[in-house]
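Both complexes shown next keep subunit A, but they swap its partner, so subunit B is in the first and subunit C is in the second.
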Partner chain A sequence: MDKLSCVWISLVALLRKDFVEELRAKYAMGSLLMFALVTLTVVSFAVGAFHPDAAIHAALLWITVFFTGMSGLGRGFVKEEEARTAVLLRLAATPDTVFAGKLLFNAAVMIAVTTLIYAMYIVLMGISGSLLLLYAVMLLGTLGMACGTTLLAAVVAQAGNQAMLLPVMALPVLMPLLMVAVNASRIALEGGAPGEMLGLLAFLASFPVVIVAVSLLLFEYVWHN
Partner chain B sequence: MVDKTILTVSNVCKQYDQRLVLSGVSFSASAGESVVIAGANGSGKSTLLRIVCGLTTLSSGEVTWQTQEGALSPTQMLRRLGYVSPELGLYDRLSAFEHLETFARLRCLQLGPDVLSETLRRFGLGESMHRAVGEFSSGMKQRVKLALATIHSPDVLVLDEPSSNLDEDGRQLVRELIHEVARHGLVLLATNEVQEVAEYGQTVLRLD
Partner chain C sequence: MYAKLALGAYMVAVIVAAFLYAPPAEGLGELSRIIYFHIPLAWVSVLAYLVAMVDSVRYLRTNNLKFDALAHASAHIGFVFTILATVTGAIFARQTWGVYWNWDPRQTSIFLLLLIYGAYFMLRSSISDPERRGRLAAVYCMFAFVSVPLLVFVVPRLYPTLHPDPIVNAAGKLEMNSKMLQVFLASLAGFSGLYFWIYQLEARMHRLSAHWKGE
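The block that comes next holds the complex of A and B.
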């Protein structure tokens, strides 16, 4: 069997394991969904009646997405270290496969949660504008967040499972992404067209590529040390 | 790789904060040999095995694996060996069958359900292979670990207290595995049990 097929088989096996575990235990989805639900409910009670402008909505949306992500994205590696199953993975899978598997799982979970946040925000806050464009911005931003957080989650898991470290470490890495995502979301909420934010969309699309390339270079060291 | 594997451990030291766990440990072993690492609790047996496997970094010294493909670091050797340890966890919500299936695929082994079931039956888990591992006794979990460690027919088997929690059938299984691998490969075994030291210790390394 060629190397590419092997990588594919390993990756599917790892993803399948993570999804089966998630379906049975609801580690990540449960905490993420509850966090998103509570935050959005509080936000809608607090500012819903004041008809905030697009900039405030964009900021509130990304605060919700960022902290929801931080409350669950680190779990993938932390639970492997806590359950002492990380050694099993080190013994059987290549570091690249482990990184890719955890990244795809994080991305899938975050995209599902972001879709829910997007839908709930529209319902609860009654926002208007270019909503499809807003969704595209949120998906790209979320993908960037998942990519930027996966390597950091592995570092945090090695550092004595201190999950609270994740937001602290992630903020500087994700700051450029968040600034661009908030700006692009504001334009979309003001009813802007994609042509008005081509540069921002290009940044959002290239951020995950750069972060994944850097992470792949560093992950093996983090994973084995 | 089989008959050429040689492990060389040179002057290995391991320190956790201020505590020296291993000091100047040296030995070598080659395929066809079984090495027993004996010593009191806390003497560093498990740490030495983890260092040899590349699961823990060493403070000083060197570990090299000489194979037909050349010299490999412990980290490069990691996926080629079988490792069983009390420090190894299992996924509580997956069954023994799902464990074997997942880790066979992670190793890119194309083993059908029949082969996996047969393997689990050999390890005495035929009746319970589809039950969640979280419901297993510690002896049954040890059998799953042994099955996972040997599914890829490794030439190097690293066993840390392999008989712990096992009944007489399980101990017999461990005996068979050790003899099977030691015929052509290398077995490293950390134990406190006098009987195991006498039975498998072609070479005995005492850490005191």
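The block that comes next holds the complex of A and C.
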């Protein structure tokens, strides 16, 4: 068996393991979606009868997405440390494969959560504008979040898993992404066309590439102890 | 010893020159003298971070805890300089634009550096095993820096309304005359010297304490 198909097999096995665990424990679907729901409820209550403009909506939306992501993205590595399966994982797969597996799982979770936040936000807040474009921006932005947080989640899992550590460490890394995502969301909520934000979309699409490249270089040092 | 005294005398000379030798800039008047302090402070903030990154790389390569201690020391010094640069910048902004803080691209990037330093120390304080602390802190030190070039060079280009100032801000580098430039460069060298002096003090302190512990 050549090396590449070996990587594929272990990657698929890793993903399958994570999804099976998820189906059994329903962590992401349970607590994460509830967290998103609670945050959206607070936002909706706080805004109440006011009619915020597109800029405020974009900000509230991304605050919700950011903190929901931070509350759930650390889980992937923490559960391996808690169940003491991290050692086995180190033996069974190469660091790059482990990273790719966790990254894909995180991305899948974030896409599901973002879709829910997007749908709930439309229903609760009655926003209008280029909603499909907004969805595309949110998907690209959360993909970047998942990519930027996976390495940090591995660091946090080894640093005693303090709950506050992940958002504090992730914000500096994600700040350029969030600034661009908020701006692009505002344009979409104002009814803008994709042509008005080509630069922003290009940034959102290239951010995951940059951050994954750096993560792959550094992950080995986090993973091997 | 002599280097320390020379550095002290040099810094005194720079401070005196900044107030007496350099002429005030047109338009800004006496306010412009802040560039002899604020910009060198900001420069050292970045320089200290780059040194911490280099030390982090060396730690990951050699597993020698000395380099981890050096990276930590450099980050400590850089953190103090970053706070000073942020505060002096805010004072200048208050005098020229009317508000202390308005998320100008320059302010955002120095604030980001402050956040990175803060997260770095928070990460370090939450790990007790020295080797693991060194390894994870080194990784974070390099990883977090990715966003700095993105924020400094890419994001300002995406916002045409915000004025895309290069490295030196509106204090008027272009209209700096030769006297101002002399003092500015002298101050830049002086503050860098100050940084390296504290840095090698920290290195010596670490060497002595390691020796004392019998390592």
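We take it that the second predicted complex is superposed on the first by the 223 of 225 C-alpha atoms of A that agree within 3 Å, B and C clash if a C-alpha of one lies under 4 Å from a C-alpha of the other, contacts with A are read in each partner's own complex, and residues count from 1 in each chain.
By our rule, contacts are C-beta pairs under 8 Å (C-beta built on N, C-alpha and C of every residue); 3 or more make two chains touch, one makes a residue touch a chain.
Keep in mind that what you see is a predicted model, and the values were worked out from it rather than measured.
Model built by superposing both complexes on subunit A: subunit B and subunit C fit together without a clash. Once chain A of one complex is fitted onto chain A of the other, the partner contacts of A:215 are limited to subunit C, with no touch recorded for subunit B. Geometry note, superposition on chain A: angle between subunit B and subunit C about the Cα centre of subunit A is 90 degrees, to the nearest 10.
Look at A:200: by the touch rule set out above, it reaches subunit C but stays clear of subunit B. Touch criterion not met for A:191: it reaches neither subunit B nor subunit C.
In the superposition on chain A, no contact is made by A:30 with either subunit B or subunit C. In the superposed model, A:171 lies in contact with subunit C only, and not with subunit B. Of the two partner chains, subunit B is the only one touched by A:12; subunit C is not.
The gap separating subunit B from subunit C in the superposed three-chain model is 6 Å, by closest C-alpha atoms. Comparing the two complexes, residues 225 of subunit A contact subunit B in one case and subunit C in the other.
Looking at the complex, you find that subunit C touches subunit A at residues 60, 108, 112, 115-116, 118-119, 122-123, 126-127, 132, 135-136, 138-140, 142-144, 146-147, 150-151, 154-155, 157-159. Put simply, subunit B touches subunit A in their complex at residues 53-55, 57, 75, 78-79, 81, 83, 85, 87-94, 98, 101-103, 105-108, 110, 148. Remark: subunit A residues 1, 5-6, 9-10, 12-14, 16-17, 20-21, 24-25, 83-85, 87-94, 97, 224-225 touch subunit B in the complex. Contact residues on subunit A toward subunit C in their complex (touch as defined above): 151-152, 155, 158-160, 162, 164-165, 168-169, 171-176, 179-180, 183, 199-200, 203, 207, 210-211, 214-215, 218, 221-222, 225.
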